[in-house]
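Paired with chain B in one complex and with chain C in the other, chain A is shared by the two complexes that follow.
Up next is the complex of A and B:
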């Protein structure tokens, strides 16, 4: 009876994923390999185009910079949060969670108000006399990065507060009672023990920013086309579905490669696993 | 343990929180400005932009669609996800280990790729109606939350209680609702909230699955922004933030916000 039950309960959801997610995504992959011009023709076309290489490279660059900045900002902030006492800690967690639960569109839009030509930052800089004419900050790579860091820092903070809270207090106390300064305790005990969490966070941020659509669309526009916005443009503006499918396939390959490679690194670096 | 924080680090954390909260405060300010362009600090105060939202019918219809989708999608994901999570824990050794990976594929595959592929295969090639594909997309998008969060609370559940009830003659389905479900209530609520929030904020999956006849609020906001850049957008954003505050209040009341860091 259990044989039937375990499959009756587990298969409907699994079948739904396979039929409605795996099959369509595989179909997208398949179209890129079954073109009359040859199996890899769409990929050759992609990598032979300077514009498309720029889009891919820009996306990798933006995702990498966003990941590094979010890691540093998120880790230091999470470290502070993990050290403050109860009440202040919950206030800080609420402040971090709030943006996280607010939608991507809303949060990206906030940066349009700040960075726009008549935006707050330009108004402020002109008021201080630092500049005479408004700077073109919107639709630059920098604008996309700032908004993405804004998007992902809360996620990083939450991931890392959990990790830091799970470090046994005894280990830290042992380090201090053996004469290590707070700085070297941080460097030699807390940091290595946080590596698995830092890697989980890095993977989340990298894949999230690499595949994002709304933020590059709003803050980068046509000029700073990224993989997500390029996929949309190919599919819905030029109706080049093979081109769009190629972009989609490259996105999946990069994402899965990052997840696998980082997962392997995480297992190697995990000091608890020795 | 020394709990002192280096003053520079404290200042840094302060700046980070300013960075996190500042833009949202600016948004609230901009939504109240009586200018017809976005500015901060607001020149004069008005609630005109909030009333204007309700004059734009597209906002109302898409907001209703978004809410319906979030409820229906989340419900479907729990309907499929809770039994799956139950099976994963109850028959842990008997089920193949790759099965749990299948359930998280919707997170692993980039959302925009998923949305694009669904549109191509399900709407166009298989001729499903747009609303149905949109619902499928949202239900699958949030399925990983349902399975994983419910699974996490089932991991702490002692299945011998269930066996005791069954051996005393309680039918399995009744046992599930009277014994198992009350014990994993917190997990189900958490899964519901995470799934609901994910669905209602989703852009990347909905992007390809909406059309002239049916659209969701975030997609409508994106479309509106391409034409107008007035404080209406800020007002809509503020309303969405209020929704977030409501959700956070529910989280705090039911589970405590610290569950989010686990």
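Up next is the complex of A and C:
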């Protein structure tokens, strides 16, 4: 194919990307650097505020805990799923995929029923006699983390099942035949070979939970404000556009930084890389 | 699989003893049921407890019907839009070499790494009341923000990557040999696409469409920013659920939530049926 036709084919995609993605994003961030008080004034204001630093720190903390929990739960589940024979495997994968297909609002609502004051968990704990009065579980950091783990574990499972399925069987057989116990095979062969998948999953979960809005909004409320909800409040409640764009820019920078760091770790730990 | 440890030292090296295997599977199945399926079940459970009458009442309200209609029409427009875009982008990235390819790939992933609130906000900053474009378009009778076009744009933005991301790895793995053969045998570009490329990617495409559609119907953050929350007009189903909940109309909120979940179930069943009918070659869940 000649060059002209190549261009024709990539033009719709390129145009759509530029018009719908690049222009709005660039326009948003430009406003934070063109303020009369100075180029970095909005950023200084952000980091000088104790409340805003708390919000940023809480968001990083929640995202990190969510990522670690999803990694552990997702990996163990994916490991078992990858060993299950045929039909049961399909059923398990469908069970894992189904929550992904329902919206985040529906899935967060489920946890409102479970964790609420008169919710299923409180009722159960009172019934067993473990507690006398209902615990305040909704609108806490814990509630946000539980719901986010629920949100992201399916993504992790799907990523990791693919990775685990692709580990060549003979590598594992070789390890066993050379005298390694199942435990050390798992630790020294399977785990290192899954590292790239674990990193991909971790990046997905971290960026997803760091930038999320619906879950902190529904399960964290005003008291557990996170970057997403704070950004929404700046933009849609107080109409502080510059403040909102600043929060947005900080979120993007943190996300990119984490993705780059994880990419580096992935390259370091990847046993397949030379 | 049966226990293969007939001779103690030569059991199948890649599998545990049978009882360990079944125990693991049982734990895993229990976990999936408890942690992934039951929470969704509780939403439906709430609706059942509230009774059929309350469910029907909610669904016959004007605001609810308008929310359902809005959600369905936004998805019906956004998904085909991203279908065309996704195929074009994946085609360009997987089958051609050109400058700026990595950059384009990164850009396609952009909506996954920015907050949904940002995804909506960029359009407010571009078309909002304080901007140059916004008031002009509004005066021409075509408002973007707090109206249908804004909701459509925000939905397209957040669902941009789904189809392209499903297709790119597959199309890269398949290479260009099939297309080259078709063209050398005299097929036109369009014929090659319809009769060679499309059949090769159909399962990945279906999967991408499904995920794209799920996100389009369920999107909350981005749509919340651009919608303006006008009851009966610019409220999608997820927004309506939250509004009902905030009004202490809990039963109605859960009724709409369960309907949204049911729509997801319909798409999943549709996909499974399609796979059963046409795709003996697809084994489990994901395409190969």
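In this text, the second predicted complex is superposed on the first by the 273 of 274 C-alpha atoms of A that agree within 3 Å, B and C clash if a C-alpha of one lies under 4 Å from a C-alpha of the other, contacts with A are read in each partner's own complex, and residues count from 1 in each chain.
We take it that contacts are C-beta pairs under 8 Å (C-beta built on N, C-alpha and C of every residue); 3 or more make two chains touch, one makes a residue touch a chain.
Since this is a predicted model, take the numbers as computed values, not measurements.
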| item | value |
| --- | --- |
| Chain A as common anchor, with chain B and chain C clashing or fitting | clash |
| First (chain B), second (chain C), both or neither touched by A:232 | both |
| Partner chain(s) touched by A:88 [first = chain B, second = chain C, both, neither] | second |
| Partner chain(s) touched by A:104 [first = chain B, second = chain C, both, neither] | both |
| First, second, both or neither for A:24, with chain B first and chain C second | both |
| First, second, both or neither for A:118, with chain B first and chain C second | first |
| Touching partner for A:251 - first (chain B), second (chain C), both, neither | both |
| Which of chain B and chain C A:214 touches, first, second, both or neither | both |
| On chain A, positions contacted by chain B and by chain C | 5-6, 9-10, 12-14, 16-17, 20-25, 27-28, 73, 76-77, 80-81, 83-85, 90, 92-99, 101-107, 109-114, 120, 150, 153-154, 158, 161-162, 169, 172-173, 176, 182, 207, 211-214, 217-218, 228, 231-232, 235-236, 241, 244-245, 248, 251-252, 255-256, 259 |
| Complex contacts: residues of chain C adjacent to chain A | 1, 13-16, 21, 24-25, 27-29, 31-33, 35-37, 39-40, 42-43, 45-46, 84-85, 88-89, 91-92, 96, 98, 104, 107-108, 110-118, 121-126, 130, 153, 156-157, 160, 189, 210-211, 214-215, 217-221, 224-225, 237-238, 241-242, 245, 253-254, 257-258, 260-261, 264-265, 267-268, 272, 283-286 |
| Complex contacts: residues of chain A adjacent to chain C | 5-6, 9-10, 12-14, 16-17, 20-25, 27-28, 31, 73, 76-77, 80-81, 83-86, 88-90, 92-107, 109-114, 120, 150, 153-154, 158, 161-162, 169, 172-173, 176-177, 182, 204, 207-208, 211-214, 217-218, 227-228, 231-232, 235-236, 241, 244-245, 248, 251-252, 255-256, 259 |
| Of all residues in chain B, those that touch chain A in their complex | 1-6, 9-10, 12-13, 16-17, 19-21, 23-24, 26-27, 30, 37-40, 80-81, 83-84, 86-88, 90-91, 94-95, 99, 102-103, 105-106, 108-114, 116-118, 120-122, 125, 136, 139-140, 143, 147, 172, 197, 200-201, 203-204, 207-208, 218, 221-222, 225, 229, 233-234, 237, 240-241, 244-245, 247-248, 257-258, 260-262 |
| Residues of chain A defined as touching chain B within the complex | 2-3, 5-6, 8-10, 12-14, 16-18, 20-25, 27-28, 73, 76-77, 79-81, 83-85, 90, 92-99, 101-107, 109-114, 116, 118-120, 123, 150, 153-154, 158, 161-162, 165, 169, 172-173, 176, 182, 207, 210-214, 217-218, 228, 231-232, 235-236, 241, 244-245, 248, 251-252, 255-256, 259 |
